[in-house]
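Each structure below appears as structure tokens.
Shared between the two complexes below is chain A, which has chain B as its partner in the first and chain C in the second.
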Partner chain A sequence: MKKILFLVLILSGLLVQTQAQTQKYFTRDGKIQFTASTPVEKIDATSKGTTAVIDASTGAIEFAVLVKGFLFERSLMQEHFNENYMESDKFPKATFKGQIQNATSVKWVKDGDYPVKVKGTLTIHGVSREVATDAKISIKGGKILATTKFDVAVADYNIKIPSVVADKVARIVTISVEAGLTELKK
Partner chain B sequence: MKTPLFAFLALIAYLFVSNPLGAQDDDLLALLGEEKTTNYITASFKTNRVINGHSLENTHAGVLDFKIGHRFGMLNQGVYDLFGLDNATIRLGLDYGITNRLQIGIGRSTYQKMLDGYAKFRILRQSTGDVNMPVSLTAVAGMYVNTLKWANPDRENYFSSRMSYAWQLILGRKINDWITVQLTPTLIHRNLVATLAEDNDVYALGIGIRQRLSRRVTLNAEYTYVLPDQILSRYQNAVSVGLDIETGGHVFQLHLTNATAMTEPGFITETTGDWMDGGIHFGFNISRVFTIVKPKI
Partner chain C sequence: MKKILLILLALGLICGAIGYYMYNKPVESMSGIKADLSIAATDLYSAFETDEAKATTLYIGKVLEVQGKLLNVENSDQGGTSLILEAGGMMGGVVCRLDSASTANVSNIQPGQTVTLRGECTGKIMDVELARCVLISNN
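Up next, the complex of A and B:
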């Protein structure tokens, strides 16, 4: 009887372990949009090639996006974004590496919307800064939708806006993230 | 006694085996493996011309580029003509990107009242990463119609005599963020030439360089070497130097050049200005782009 109990415990331990290992979710086509529009100029861009991984067991979270993957309505603007502002040949990726502060409040296997707080390091244009934002994790049928919206100051990332276009480019850029993640199977 | 010990062992085993927090990954993205991406090199030049000649760059898909090319007279015209500022020749042009590789364009010049049309196709795109391509290669084919009144209307004149053609390959590389170099082997064909001493087919080799001075200003230079004994000795090789100044939607190109014409047969085979003699035009090109077809995002 005791031996059976022991065995059950060991087995359940193994089970929990396997579950913990597979509790990672990922995407390669997350959407990131940003807007630096001003009343005189519409400056919007979208990337649909964001990679992201969330480790549900720890709440660790990582995002990476190729700067050249941002598409603009006006291709010249896109060229200038890469060439003059982001220097994307030098700094090809923007990344975020952080932690869901209240990861335990998210029931990863249960459908629902979970507001979370995310904190971590945002690296843009080679400059890393600590950021914190509110985000939402929506779970439906084993799929995870992570969304957030936050503002960054262009100057914080050493991106210079020249005086000739000072009226046209916003100094505060709003970034929205919408990433649908699925379970990462190794 | 036996039971608690056994239970304790079981608990230890349980914790040891499960330990969900033990296996923290430092680099989660590494789990996905390295993605294969190709980084295409862009912005080798500020616009699709170096100065007179084509650059490596194409007008992007769905974009219309309106060009105003303007050359004042020559500096050696002296103070009476305000060093050439009293005179001007222009070319008005439209360039359109059908795809990111294929561009077409038309233009009309004061010089020989010339109409021109061309197609430009990017064969190779310089890139790094998954596809590693050290150079860009572009082909340009142009045709040109001289619409001046016939110099000698009494003789039998053929429309074909007005035509000339140019074929170019542009091979170049953006060496780094600051310097781009390109070579342009060129064949010009003139259907009619003025004298027997001139060849109908003229071979030339162009070289173009751009050196960036700041994010928005580049220094450009362009030289076209015409292989010997093809054109009259009074014609010079075209040499041009200038600045590209980009202000967002516009590119202003300010330059000094000994070429009067802004089309290939003109500036390659018919340049008369001599740099040593002050035969230099001050000139500018203005490029303004309009997005006609918005890309799907």
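Up next, the complex of A and C:
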């Protein structure tokens, strides 16, 4: 009898473990958009190549995007963005590594919209800073849509704007994130 | 005197026009750009795996023509289309993110085919990535 109980315990333990393992969600095609527009100049760019992982069991999240993957409408702007501002040859990636503060309030298997608070380290242009923002997790049919929008001051990330274009480029850049994640099967 | 002024004015106008054109020039499509080098997806991936710093200086920002076996075509809800090429790695492959104008050209290609794509190498996260890709050939 004791033996059977023991077996059951081990088995259920295994079950719980495998369940925890499958609670990771992943995408490599998330969208990040930013705008640094001013009244005199429209400046925005999009990357549809954001890699993101959310661990539903712990609330840990990671986003990474390659800076050269941001596309502008104008070639010259894209060149300046890469060479003068972001120095993307030297710093090819921008990353965010953090934690959903209220991960337990998200019912990962139940459809719905869940507002969350996210905190973590944002690394842009080789500079890492602690950031916090509100975000939304929307769950529909087993898929997760993670969205957020937040402001970043370019000076915080040691990005210098030459005085010639000072009135054309915004000091505060608004970043919008939209990533559709699916369960990671591996 | 009048003639010189006129010439100067014409020159000024031409320069202005060229400047305006350059300023507003859209990002050029990869279909019209010559590749810096041609490489197999497996070689590109292993270059980043073995020495990322070296691969960064060698490949990032370069226009590459990459050949490899197509594993999958991914269409995201956010509007991106990516072709994943087999690269021999456990954790990643070579991801070619298509130019939004050339997504239609890949509608009839199948996983398992050997494909060649041209695009700008942007670096590696889990996969080695190429941006603004156009399909060059498939068989």
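Throughout what follows, the second predicted complex is superposed on the first by the 176 of 186 C-alpha atoms of A that agree within 3 Å, B and C clash if a C-alpha of one lies under 4 Å from a C-alpha of the other, contacts with A are read in each partner's own complex, and residues count from 1 in each chain.
Rule of thumb we're sticking to: contacts are C-beta pairs under 8 Å (C-beta built on N, C-alpha and C of every residue); 3 or more make two chains touch, one makes a residue touch a chain.
Predicted model, so just to flag it, every value in this text is computed and none were measured.
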item: Fit or clash - chain C, chain B, common chain A; value: clash
item: Chain B versus chain C as contact partner of A:L66, first or second or both or neither; value: both
item: Residues of chain A touched, compared between chain B and chain C (which is higher); value: B
item: Partner chain in contact with A:R28 - chain B first, chain C second, else both or neither; value: both
item: Touching partner for A:L184 - first (chain B), second (chain C), both, neither; value: first
item: Chain C-contacting residues of chain A that also contact chain B; value: 28, 51, 64, 66, 68, 71-76, 82, 89, 92
item: Complex interface listing, chain B residues touching chain A; value: 3, 6, 9-11, 13-21, 23-25, 27-29, 31-32, 35, 37, 39-43, 60-63, 177, 215-216, 246-249, 289, 291, 294-295, 297
item: Contact set on chain A toward chain B in their complex; value: 2, 5-6, 9-10, 12-14, 16-17, 19-21, 24, 26, 28, 46, 51, 53-55, 57-58, 60-62, 64, 66, 68, 71-76, 79-80, 82-84, 87, 89-90, 92, 162, 164-165, 168, 184, 186
item: In the complex with chain A, residue positions of chain C that touch it; value: 22-28, 56-57, 60-61, 74, 76-80, 82, 95, 97, 120, 122-123, 125-127, 129, 131-132
item: Residues of chain A that touch chain C when the two form their complex; value: 27-31, 48-49, 51, 64-69, 71-76, 78, 82, 88-89, 92-93, 145, 178-180
